[in-house]
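What follows are several structures.
In the two assemblies presented below, chain A is common to both, partnered first by chain B and then by chain C.
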Partner chain A sequence: MKIDSQGMHYKVLNQKINEAVIQGITDIELFNVNGQRYIGDGLRKEVRINVHGVPGNDLGSFMNGPVITVNNNAQDAVGNTMNGGKIIIKGMAGDVCGYGMRGGKLFILKDAGYRVGIHMKGYKTLNPIIVIGGNAGDFLAEYMAGGVIILLRMFGRNDHNNIIGDYLGTGMHGGTVYIRDGIDKKKLGKGVGVSEPSAEDNMLIEDIIKEYAADMGLDAGKILNEKFEKLTALSTRPYSKLYTY
Partner chain B sequence: MLYKNPYNNYFDYVVQRDMDKCIRCKDCVTQCSYDANFYDEERDLIYSLDSNCVGCMRCSTFCPTDCIRIVRNPDTFRINANWKDNNVKDLYKQAGTGGIIITGMGNDKPYKNYWEHMVIDACQVTNPSIDPLREPMELRTFLGRKPDRLEVNKDGDITTKLAPQLVLETPIMFSAMSYGSINYNVCESVARAAKELGIYWNTGEGGLPDTLYEYGKHTIVQCASGRFGVSPEYLNAGAAIEIKIGQGAKPGIGGHLPGEKVLEGISRTRMIPVGTDAISPAPHHDIYSIEDLRQLIYALKEATRYEKPVSVKIAAVHNVAAIASGIARAGADIIAVDGFRGGTGAAPKSIRDNVGIPTEVAIASVDQRLREEGIRHQVSLVAAGGFRNSSDIVKAIALGADAVYIATSALMAVGCTLCQQCHRGRCAWGITTNDPELSKRVNPEIGAERLVNLIRAWSNEIKEMLGLMGINSIESLKGNRDRLRGVGLSEIELQTLDIKQAGM
Partner chain C sequence: MGIKPSTPYGKDFGGCGLVGIIDRSGGSLSGSMVVSSLCSMKERGNGLGSGYAVYGAYPDFKDSFGLHIMYNDISAREPVEEFLKTRLRIKHSEPVPVKKLHSMNTPPEFWRYFADPPEDLDVQDEDANDDLIVGVVMEINERIDNAYVVSSGKNLGVFKGVGHPDEIAEFFRMQDYKGYLLLGHTRFPTNTPGWWGGAHPFTILDWSIVHNGEISSYGTNKRYVEMFGYKCTLLTDTEVVAYLLDLLVRKKGLTLSAAASVLAPPFWKNIQDMEPPKKDYYTALRMCYGNASLNGPFAILMGFDNGILGLNDRIKLRPLIVGRKGDIVAIASEESAIREVIKEPEDVWAPKAGEPFIVKLKEDVTQVRST
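After this line comes the complex of A and B, so read on.
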């Protein structure tokens, strides 16, 4: 099903998408998208939504199931508190993407903004994944409690020295961040430890990168050629000594 | 340096035991979850380690021979009007540990309580009072956005499309307490009571355990900055969604569930590791402005197809009226304002006792501001933060609230004795603990029954008070400040509350 979103208010557009999903349509193609918010918000069906144009904030927030592909840049809060499904951004994405993410995958081809993947969660088999092909801004993985973030640093706007923001993983108490091609320790937040990925980690990275490369039309082998570093929380209770009673 | 902390000797309570009456049943030993009572087998005596006693009264309540008295420790620091006991103790504690002092429940400092300086009007001669026992009395309350005007067709049917509303059989709801801060049995007690009473309970920010989804129609689900348990199923399970911006006990800081309380069930619902502190960020990091708040309000409305009212809960702070105006304009259907006497499962003491303003003045100023701006009908106002009885509630509604949230008084109905140890996860009354054995001390059936009793009693009292004012509907009391008078308040206080001096 094709929807021309030209000049359409988000409420109308999302109503159309929702009606289509209720009808049982599984492939939806949106044209002339221009900043409409909340596309895919709260959808709980396994549908495919292909977006042409730049979608607005909160793309795919709270959703559980759909696969959304954006063929351009996206804006802020992509995958906000998302529960399951997949969002593929074939460009850049804005701030606070994947906030409180609980499951599913968020693949970004190029740069992501500030505070991406903060307060990501995980529980046993529920394991949200974010892959960023370019740079990330400050506070990546802040308060991270679970899940996986992979930062590839391939398509950055900035020079190599400034390729990731400050305070990486501040307050992290769970989950894992993998960074390709080394990390300047000065960028790390307090309480984050750096280690070599284990064989198991490398298998996980390989699986995720193969899927990412296939979605983005990249060569997985080229991405996996570089070494990865693993960041984890040094303590699951980083602030326990801060309090008394 | 050899140093003994004087704090250890100057504890708050002494457990006095009449050994002539004691039958060595050891109930006090098993009941105490803070290791204050112990049995010496050799001498066949029961002793107490007074420094461990928190004054929760669990042992004295359960002593079958009534031989225990928990009394305030007469041994005090040298009397000093400036350095009060708690100042001295807190200082020693911090010198010993270097920690931020964490405490539980609400602000216990002797700030002026405005409920106690307001009196309610009654009918005499010139207008008849109503007898609520024999005449109809309406307490039903609707929360949500009301239309600018109502259109009716020839048949008398309303043709205006109404925004979704919460329907309360009495203007009282159970305020947010998260699963984790209170245990499952207490959550179930509250949920059951809400269902039976035709009101709502609030999940707080800890998510909703699967087995409580059946109470969804009477549940307000919360979405806080930590986004714990916020799945699309959760959002759709509730009757309304509440965005928690702030809490009266700790305005400006995030939630804090100490790691001691994060056991398996809580880890699963919140999706965080076992034993970790569940800390919510101080702000929602997708909300740095009113415009951003609007974005989240509509993200939640979109996710639930505009079928549920969205509430925004804020702590009562200095600028609360202007903030509430912004929230109303951002599209919220309900605003909950939580005053500084509101409880908490864990908060830094310095913040709990010193930050925020009383709910009385906050409600008065928010209601006033929204009326002045002509947007009062667009949003319902819920007052929270330390309601102790039905007259507090009547006064809050007369000041402009549509309904109130209660939590501390609800926990007291289930057994809480205000010992302020919620953060330790060892609650002897089985409320703010997730320990499987201690949790059994609350039976959801009995807990629910006691909550229902309390709200029924208060509702009947509210009806009595409405009747004596000659009002037969709670709606006619809302914002009816002429029914209140101030006693012992300064002119500026009367002006802020917008009520007259008694006698005028």
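After this line comes the complex of A and C, so read on.
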């Protein structure tokens, strides 16, 4: 099903998408999207939504199942608190992507903004995954409690080199961040440890990157030909002393 | 004239979507362009304030100061005009054309005055002329009941009020204006009243400021600019940024980027890691102008006669993104607002937090304009 979103308010567009999903349509293609918020929010069916144009804030938040592909850039708060499914951004993404994410996958081809993966968490079989092909701004993985973030720094804008932010993993108390080709230790937040990935880690990285490369049309081998560094929390309760009365 | 009593709003301290568009070749952009860009972000405001700045609005009076004055009660017009005559030579005055809208109850009245400094003032002394205008603005805002200066720059028109961006644009007939630089703002007031004087842009001389966020350091900043004769009377934190810029750049002689580093200084932890002379430079800026630094979350656009400065707080607590196609550069809260007016941008990127993004008219254009 095709929807021309030109000049359409987000409420109307999202209503059309929801009606299509209720009718059992599984492939929805949106054209001329520009800034409409909340696309795919809260959807619980395994539908595919293909977006042409730049979708607005909170793309795919709370969703559990759909696969959203954006053939352009995305704005802020992509995948906010999402529970399952996959979002593929074939451009760059804004700030606070994957905020409080609890499951599913968020693949970004180019740069991501500030506070990506903040407060991400995993639980039992839920293990959210974010892959960023370019750089990320400050506060990546801040307060991270679970899940996996992989940062490649390969496909972003070069004139903002080192935008891999300050305060990386500040307050982290769970989950894992893998960074390709080393990091500047000065940028690390307090309470974050750096180690070499184990064989098991490398298998996980390889699995995720193969899927990412297939979705983006990239050569997985070129991404995997460099070493990764692993960041984990040094403590599962970094603020336990702070909050002791 | 005595000092006005405090306002019925009770609070006198401070708390959105924004966009700036410039044609670097100095060409004319229609006022409608900034309106359609801003309206695409209608969700960011709540109808309690919108406004626009048009640089290049008054080519027929481009060398005179253009004073836009808002009268909450038209009885204020007489004392204002009497006062203006004592300070300036008024070349031309007229009501700002508006379209009455059913959705607006009793909007204020707006007049504009094109004025020159008195003959005995040296016309070459730009700084003295500017000081005179700043004094006039402060005196009207502080002392004449029901009158507020909306803008006071040359070849600059600012149009703002309480309403959604499309309503304010219709009210002020934005489609009738053209300019080489346009700013727009839709407001979601948080800490301060949504009144006509509290809509953005906030201006002084050629500076106009639109802001998304909160200036938590407002009290400190306000007291600081007051020492230099600026009066904060518009009940919104953003006002102080206009005066800070005028103070830092025009009076203290700082460059725009130095002024931006005063407003959003690097953290001490980062200064410690720098090598001299960079380390000394940033240390000096923080030591000398600590009272001018802005705390709190913000994305700010600052328009001036030949460009736009965009600035985020140091930890990027508000969105700001830039797009470019040829000589047209737009900077906004959302990429969609840029794409609303630049269909296929050649480049789109987010400036780094705390680092100014400055776009200016091309140099040859600036020279033509200043002759």
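Operating definition for what follows: the second predicted complex is superposed on the first by the 237 of 245 C-alpha atoms of A that agree within 3 Å, B and C clash if a C-alpha of one lies under 4 Å from a C-alpha of the other, contacts with A are read in each partner's own complex, and residues count from 1 in each chain.
Definition applied: a contact is a pair of C-beta atoms (placed from the backbone, for glycine too) under 8 Å apart; a residue touches a chain by one contact, two chains touch by 3 or more.
All of these numbers come straight from a predicted model, not from anything done at the bench.
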Chain A as common anchor, with chain B and chain C clashing or fitting: fit
Contacts of A:121 with chain B and chain C, given as first, second, both or neither: first
First, second, both or neither for A:37, with chain B first and chain C second: both
First (chain B), second (chain C), both or neither touched by A:186: second
Partner chain(s) touched by A:14 [first = chain B, second = chain C, both, neither]: first
Larger contact residue set on chain A - chain B or chain C: B
Chain B versus chain C as contact partner of A:94, first or second or both or neither: second
Partner chain in contact with A:138 - chain B first, chain C second, else both or neither: second
First (chain B), second (chain C), both or neither touched by A:54: second
First, second, both or neither for A:102, with chain B first and chain C second: first
Partner chain(s) touched by A:86 [first = chain B, second = chain C, both, neither]: neither
Least Cα gap, in Å, left between chain B and chain C after the two complexes are fitted on chain A: 5
Residues of chain A contacting chain B in one complex and chain C in the other: 10, 37, 57, 76, 115
Of all residues in chain B, those that touch chain A in their complex: 93-94, 96-103, 223, 225-228, 230-233, 235-236, 258-259, 267-268, 270-273, 275-277, 279, 281, 285-286, 295, 298-300, 302-305, 348, 421, 423-424
Residues of chain C touching chain A in the complex: 40-41, 43, 273, 315-316, 319, 321, 334-337, 339-340, 348-350, 352-353
Interfacial residue positions of chain A with respect to chain B in the complex: 10-11, 14, 18, 37-38, 41-42, 44, 57-58, 61-64, 76-77, 80-81, 83, 96, 99-100, 102, 115, 118-119, 121-123, 126, 142-143, 145-146, 171, 173-174, 236-245
Touching residues (chain side chain A, partner chain C) in the complex: 10, 34-35, 37, 53-54, 56-57, 73, 75-76, 92, 94-95, 111, 113-115, 137-139, 157, 160, 163, 186
